Amino acid sequence: MAGNSFGQIFKISTYGESHGVALGVTIDGCPAGLSIDEAFIQSELDRRKPGQSAIVTQRKEGDHFEILSGVFEGKSTGTPISIMIRNKDQKSKDYSHIADKFRPSHADFTYKAKYGNRDYRGGGRSSARETVARVAAGAIAKTLLKESGITINAFVNQVGNIKLVTPDNQLDFSKIEDNIIRCPEEKTANAMIDLIKDIKKQGETIGGAIRCVIKNCPAGLGEPVFDKLHADLGKAMLSINAVKGFEYGSGFAAISMKGSEHNDKFISEGEAIKTTTNFSGGIQGGISNGMDIYFNIAFKPVATIMRDQQSVDVDGNEATVTGKGRHDPCVVPRAVPIVEAMAALVLADHMLRDRSVRL
Amino acid sequence: MAGNSFGQIFKISTYGESHGVALGVTIDGCPAGLSIDEAFIQSELDRRKPGQSAIVTQRKEGDHFEILSGVFEGKSTGTPISIMIRNKDQKSKDYSHIADKFRPSHADFTYKAKYGNRDYRGGGRSSARETVARVAAGAIAKTLLKESGITINAFVNQVGNIKLVTPDNQLDFSKIEDNIIRCPEEKTANAMIDLIKDIKKQGETIGGAIRCVIKNCPAGLGEPVFDKLHADLGKAMLSINAVKGFEYGSGFAAISMKGSEHNDKFISEGEAIKTTTNFSGGIQGGISNGMDIYFNIAFKPVATIMRDQQSVDVDGNEATVTGKGRHDPCVVPRAVPIVEAMAALVLADHMLRDRSVRL
Amino acid sequence: MAGNSFGQIFKISTYGESHGVALGVTIDGCPAGLSIDEAFIQSELDRRKPGQSAIVTQRKEGDHFEILSGVFEGKSTGTPISIMIRNKDQKSKDYSHIADKFRPSHADFTYKAKYGNRDYRGGGRSSARETVARVAAGAIAKTLLKESGITINAFVNQVGNIKLVTPDNQLDFSKIEDNIIRCPEEKTANAMIDLIKDIKKQGETIGGAIRCVIKNCPAGLGEPVFDKLHADLGKAMLSINAVKGFEYGSGFAAISMKGSEHNDKFISEGEAIKTTTNFSGGIQGGISNGMDIYFNIAFKPVATIMRDQQSVDVDGNEATVTGKGRHDPCVVPRAVPIVEAMAALVLADHMLRDRSVRL
Amino acid sequence: MAGNSFGQIFKISTYGESHGVALGVTIDGCPAGLSIDEAFIQSELDRRKPGQSAIVTQRKEGDHFEILSGVFEGKSTGTPISIMIRNKDQKSKDYSHIADKFRPSHADFTYKAKYGNRDYRGGGRSSARETVARVAAGAIAKTLLKESGITINAFVNQVGNIKLVTPDNQLDFSKIEDNIIRCPEEKTANAMIDLIKDIKKQGETIGGAIRCVIKNCPAGLGEPVFDKLHADLGKAMLSINAVKGFEYGSGFAAISMKGSEHNDKFISEGEAIKTTTNFSGGIQGGISNGMDIYFNIAFKPVATIMRDQQSVDVDGNEATVTGKGRHDPCVVPRAVPIVEAMAALVLADHMLRDRSVRL
């Protein structure tokens, strides 16, 4: 039973390979009457697309999309919204040198083990190119969330050992897009960019981290006991290529905290009930409590390096995998819109799921 | 749309509240002909039950189960297996002192916000007592996995600042159950136990971490792009009460690693293809590669402390929550079988899901 | 992948065998705050239970239920509602004479073919006793629908060749429960009862039909293109034991009708838009239009007859199946509440599903 | 929660409107390694396409498809197979005369009631043009079933009052495609064709029926208690535009049969166990028994007639709907491949679902 759908009510199904004819997504469950802004969808795709800056892969893909269905006179009709991104020149390149080899820490070996055969052109379905469909769908989800005032901001908060340490509430999220690494603090951003440039020169790659902050999420979203809001966010993030870890609120730091330190005290603020601290990360018992939701995601270094590596071929014989092509030295700058898209898909789904709890 | 089911093919539905009539689980999708060992199910429940040692809650619950369906002459029939654990004396206690107050960092406020009303007796459905149903179902999943030789071992690897640092391959997992903290290294275990006893005396609670190692998982399990094996494991773990973070393989450490360090080299070992290192954590591209799968889970300190805390009541008025009752000073010793159960449920499901990929 | 769940949002999972420990259902997705009337649930179970009249099986089963979870202080909490019906004396009887034989037109052969083994006691899971769980869940669904004014009435409209021909709008549905066959027209009811008594004397069984009429269903329920309202109603009815056919609106009579005859003309009636005829059966394009929904269901004669029948055993050898035990000579009187329950489950689910279509 | 997906393991998601940019389907769950024959897919689409004969709509649509993903070097890869059929000249026509009116017995009114707005061009998503995606997916499902020797043949067995009465086993299914009505008996076929031509001249439409026979289905398919094989077949058929009824095996005729007549006697035939009669329609207890599966489907007359009809507009005012355009006078000839496609999708799904029942 395959796993190319995500969400229960705001549900997406994606398809497409790195070098196939097209990639795409069908959203089944977008409410009717939503204004669909094509320029916004394109701007989200542009944030993800290759070739946008000096620190990402220099492949050129326009990532132009076409809405095939579900939108009439500028609004969603309540029927499936299908969006297609056609690959350009997908047949031009020769992949025969890699067809029979397993690249280290790629999905070559596991796809072969599972499916018996594989589309070796650029990683086929295992390529992060697949996420273009998520970003397109996420743009629709963001549009839906905007109606409720919910905002989602992701940003790079670590590359290698360079960390952003400023607290969220002292950051200006409007500056995230001001630099090519997508870190809202200029000085840290520059250090990260320098590191990546240096890593790239070495023919190397480096890991990184993204932090995501969701504001104005109403209390009540999340479906215990299995579909807790943070569990679905966690799954969404872990499903993104290269992600190795997820933590929300206090996260791994909670391990060494005491209950009296960690407990968030409730207070009244006008009509609202808030907490004085937010170690809970805006979620208690798997349900949002109205405070900011925030989480961190760890990304491994990209597996493709510009060096020769020893490996084996499909017959188990030793083989050398040579590093070539145009690849990202660090995945996080382009992963920022993907993280936001997946967060938006989770929230849009839970917003609709929550509707059935009331008489 | 509620979220009390887990799994797609080996699918469980759970029910029950802390102080309701009973808790239980129905497994729909267990293959027919599996020998069901009731003693094993009970032994798993016993590992989770309250009152088992000096460092866990002293509540007394027998947690005896009854199989209501799906097993005939000792074997699964292929029809739903329903297991019920009846609560004892669930009506005896007075919870009126807590009925209108929101305990800090509990789910009281969010359940009220979501459902309008709540069963305040012992936390109702938000209580970790809910996990008894998961452990019962997990015992069946483990039985199924055993047929394929897959083993799952979880253990406590951190309490507060006390860490187990020995590599997995130098640990003797058969010693996990030798001490009440469930850490396979005696010296570290004793230090953890001492810490928890001290924390308890303070009326405090403390966070902790659990590590889980899965051996003999065949290559090929996992369903990209959304239901990657680690994404489903992550969701499963994050759905457990008090969990704040999940990482697999290199996890958060990958952030500061380079590609050449992190890549796991393939080598042939007889017929098999293996990797020389295992930063991938046994999973590449969301699919198991036959190496050990391992992951870490962070747990926050239990929210119930034996101290008075300032909070608010349902009307937003200030209110004092007094600490009383019998609660765990640290959740991890009893969470070990829960982690294993959830891991087993994910693997059993993916083992069955994988069957449809072949002609 | 097993099939013991029904519904998407108002979702039920059932379990249990004819002669197992218990049967039951867990409803996940009932909105919070619904008043649960235990007497009503029991009254619905009583309409289905064996031994209630001279024309049904004389087995004695009390069918007392116990609510295990999800209801607090008389109201649904939004967490799973689990209802259990314990079997009485399930171990008392000897089924060895049937254990190795395939009874004609029962599910003995197919269960063996599918599952490898089977619980032969009273048909195990294939027994219509399974429907007790549906009726319990249906009682909750009816309670939910009542809030919206939706009413569901099923009645027997044919037994053998004896048909009820009076149009729905001339029938008094309050008379359905006035006789043991559950036909709202006394004279026809008596003829049906006489026929069944005669059939029973012959050691025979006879087929029958049930008609169901749903009033006050708002326009807008149904989810094209696959989950059309009538398609889900059809599946629900076809999933009931012994059902061989389903038609709604004009049904099979539509085959020989012309477009001009069949089309239902729209007219305005005050604020509402209605149709002058209702060949559509209250559903157009898979979505309710606000008119009465009605459909017919065909039931085959019960397979257990009080006569010897030639058959084969599990080894393919000839074997005689002797007719004994206490069985229904005609299934329709007891199937009336089952039909209503399944219709209620479909409508409750679609009522909640429809909520996500709007911004 | 929308309903544009079908199937659990062999799962399809469809999209597209009659006059939108494109229609399509994504199949998630087709096993890897299946040879995909594009010519066969086209031939199936051609059986459904408009303009193929004198008795169907004269609209001209080529229905050329494009495979966007999931097939590599002629074989399925195990990743989603996405197939798109682009609409030609979809913007050319003026639909303003119908935009504000509710055509009798169309889905205009109910779509408006549900979604608030609607795509009125040619019926939008409610148009039977939607089924082109089903036929494309069904061609892949048929290809999969062929590997197991399962064959599916549907044919027209009634138009108006003209019925095919010859038993299945005396029919030659290879003759189905010999005439434009798709009835395997020449004489009856000609009478049906004449009737439809006459109906068309009257500006009228007429109902009809299709029968489907599935051969070589192994025993064991079907998932009680809700996803019985015939229940899923029934839902599949009822989800097709214009279908009003479904019966399998004895169907509605069972109502007046006795148990002794209806019971299918088991006999041994070599290694196999078969039945001497087949009133069960190849399915017992919701599971296939290895005998032929057969069922009948009733279609209503097409709602669009070439006559003026009184109706109302969106404001409830009286309005005249004028008959124009090119429409089918009878839906059944083009529905034959749609019925086969839906049957193939159900069987392919159940074949894969059945795999998880064994250890």
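Labels for the chains are A, B, C and D, by order of writing; each one numbers its residues from 1.
The criterion applied here is as follows: a residue touches a chain if its C-beta (ideal position, glycine included) is under 8 Å from a C-beta of that chain, and two chains touch if they have at least 3 such contacts.
All figures in this text were calculated on a predicted structure; none of them were measured in a lab.
Novice: Since chain C and chain D share one sequence, what rotation angle in degrees maps the C-alpha trace of one onto the other, as a multiple of 5?
Specialist: Rotating chain C by 180 degrees superposes it on chain D.
Novice: Quick one: which chain's Cα centre is the longest way from chain A's?
Specialist: Chain centre farthest from chain A's centre: C.
Novice: So, what's the distance in Å between the C-alpha centres of chain B and chain A?
Specialist: Inter-chain centre distance comes to 26 Å.
Novice: Nearest whole angstrom, what separates the Cα centre of chain A from the Cα centre of chain D?
Specialist: Once rounded, the distance between the two centres reads 39 Å.
Novice: Using Cα averages as centroids, what's the distance between chain B and chain D in whole Å?
Specialist: 46
Novice: Residue numbers in chain C touching 2 or more other chains?
Specialist: Within chain C, the residues that touch at least two other chains are 1-5, 8-9, 14, 29, 32-33, 78, 114-116, 125, 352, 356-358.
Novice: Would you pull the chain A residues touching chain B in the complex into a rising list?
Specialist: Counting only chain A, the residues touching chain B are 1-6, 8-9, 14, 102, 104-107, 109-111, 113-116, 125-126, 130, 158-161, 199, 204-209, 219-228, 230-232, 234-236, 238-239, 241, 244-252, 254-268, 271, 273, 275, 279-281, 283-290, 298-305, 307, 309-312, 316-318, 352-354, 356-358.
Novice: What part of chain B is in contact with chain D in the complex they form?
Specialist: It is residues 1, 9-10, 29, 31-34, 78, 144, 147, 352, 355-359 of chain B that touch chain D.
Novice: For a test of understanding, state which residues of chain A touch chain D in their complex under the given definition.
Specialist: By the definition above, chain A touches chain D via 1-5, 8-9, 11, 13-17, 20-24, 26, 28-29, 32-33, 66-70, 72-73, 75, 77-82, 84, 114-119, 124-125, 352.
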